[in-house]
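Letters A, B, C and D name the chains as they come in the text, with residue numbers starting at 1 for each one.
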Amino acid sequence: MNYIFEIELEVRDYECDIQGIVNNSVYQNYFEHARHKFLHSVDLDFAELHNQGFDGVVTNVDIAYKNSLVSGDSFIVKIALEKQGHLRMIFNQDIIHKETGKLMARGKITTVFKSNGRPVKPDIFVDALRTKGIDFKETV
Amino acid sequence: MNYIFEIELEVRDYECDIQGIVNNSVYQNYFEHARHKFLHSVDLDFAELHNQGFDGVVTNVDIAYKNSLVSGDSFIVKIALEKQGHLRMIFNQDIIHKETGKLMARGKITTVFKSNGRPVKPDIFVDALRTKGIDFKETV
Amino acid sequence: MNYIFEIELEVRDYECDIQGIVNNSVYQNYFEHARHKFLHSVDLDFAELHNQGFDGVVTNVDIAYKNSLVSGDSFIVKIALEKQGHLRMIFNQDIIHKETGKLMARGKITTVFKSNGRPVKPDIFVDALRTKGIDFKETV
Amino acid sequence: MNYIFEIELEVRDYECDIQGIVNNSVYQNYFEHARHKFLHSVDLDFAELHNQGFDGVVTNVDIAYKNSLVSGDSFIVKIALEKQGHLRMIFNQDIIHKETGKLMARGKITTVFKSNGRPVKPDIFVDALRTKGIDFKETV
């Protein structure tokens, strides 16, 4: 995949559950945090956008869990970006174990921008990407 | 869908995020809690199974977010069940707004049972379902 | 203690950590949810108050952990109320194991109301309590 | 305070609630993560200790919330250590805003070590501290 952004994180013990592995829902937290850090890297801010009445909204999440993250693990969250049609921005996100390089989880997160509760074209976002010269796939 | 189980829950304010809506990751908590309550209803216990070296593991999560749950909302989590091939149990789970009847989110959660880290046939689970006379679809 | 409100909850498995017990931080979630449900019972709403520019803010939390909640437990969160001086409302909150009646945790949560970031007298709250005839201790 | 350890963290947006500030319960996550990282720094591991039947258990948490962490904040969690009597290890933990140096929260976390559910002297921990030449206060 054509990754355009990555951050390194590590498992926190409170994120693990009875099975001693990171709870499935926490991967969404990791993915979200990576997306928001990516927004920062193109000078956009999720909280500020919200205050301006402009919300990035997740409409679909598809996560394949390949291997379990456990206490002590460090990992990289990587992002590849795809614009689908006029409205959808899709974040293809991989979680890679730092030491082993293993793919731990692969997420496909579909988002739309909304203003006053209605979908709007993600122009702010696309402009920010172009300003920074960031590459993304366009699909129908 | 042919629902076989449901529980009623309500939004807790700490589950909401900056946008004032339930954070996307929390829906996985709701889905998981409903599955574990369903296990209880067929006399199985997630924590006990783990202590017996038998883990239900989520391999894939696909969630369509249709409408946002907000502070004060009550909702029903419903489950329909599907056995796919020899190993996979798929939980089709809907979250329905209690007052309006609106579909808020639809999840397809694919699980396998593992023992000593390796996939095993979900016989314990299938037997429990049959004992209780619970219906599930079988697909290839 | 002179309890004025209680709710019943049950442990959700995702709230448990590697040790197989409910993580310490989650007790704060339970306490908060009970407080917000109590507000509802006197016709106040935490999210609405926030939208009106009026925030209940926790300034201190003191929790004694007596026994560990585990998977499958049901429990009661009870509230006794105390007004301290002009500004502070203190929620004395106990978590009682439903089956055994054991005290699991005891919290003392000190709150103030803020408007535009500055502490204000909790008149809205006190009026709501008086309207409902709800008893609270007053201390200096 | 005589700090012996610190880590730097940053607010993640999903940790913020309706009020747009980090939810109070999350500070316990920050404190816990800092403690576990500190354990690592003296070659102890929370998850491993648990598997050896040796659990660090929090018996009391006292947190003073001074200022609210918000989206985008970076902060330092600092630890000072105190041995109280024969059994209790107390972690005095401060959260300091990175940019402003402001104290955001101060926690006093009382812990005991347990084996088979019964309190035991924290010898493993004290030995690890002495091996590393780490200073701690002893009180009665």
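In this section, contacts are C-beta pairs under 8 Å (C-beta built on N, C-alpha and C of every residue); 3 or more make two chains touch, one makes a residue touch a chain.
Note that the structure is predicted; figures quoted are calculated from it, not measured.
Undergrad: Let me check something: if the centre of a chain is the mean of its CA atoms, which chain is farthest from chain C?
TA: Relative to chain C, the chain with the farthest C-alpha centre is A.
Undergrad: Of the pairs A-C and A-D, which shows more C-beta pairs in contact?
TA: A-D
Undergrad: Taking the mean of the C-alpha atoms as each chain's centre, how many Å separate chain C from chain D?
TA: 24
Undergrad: Can you check how far apart chain A and chain C are, centre to centre, with Cα atoms defining each centre and the answer in Å?
TA: The answer is 34 Å.
Undergrad: How many angstrom between the C-alpha centroids of chain D and chain A?
TA: Those two chain centres are 29 Å apart.
Undergrad: Counting only residues that touch at least 2 other chains, which ones in chain C make the list?
TA: Touching at least two other chains: 13-14, 16, 18, 20, 23, 25, 29, 32, 46-47, 71.
Undergrad: Using the touch definition up top, name the residues of chain D that touch chain C in the complex.
TA: Touch list, chain D to chain C: 18-19, 23-26, 28-29, 32, 46-47, 50, 55, 57-65, 68.
Undergrad: Taking the complex as given, what residues does chain A use to touch chain C?
TA: 13-14, 16-18, 20, 23, 25, 71
Undergrad: Would you mind writing out the residues of chain C in touch with chain B in their complex?
TA: Touch list, chain C to chain B: 12-14, 16, 20, 29, 32-33, 36, 40, 45-47, 70-72.
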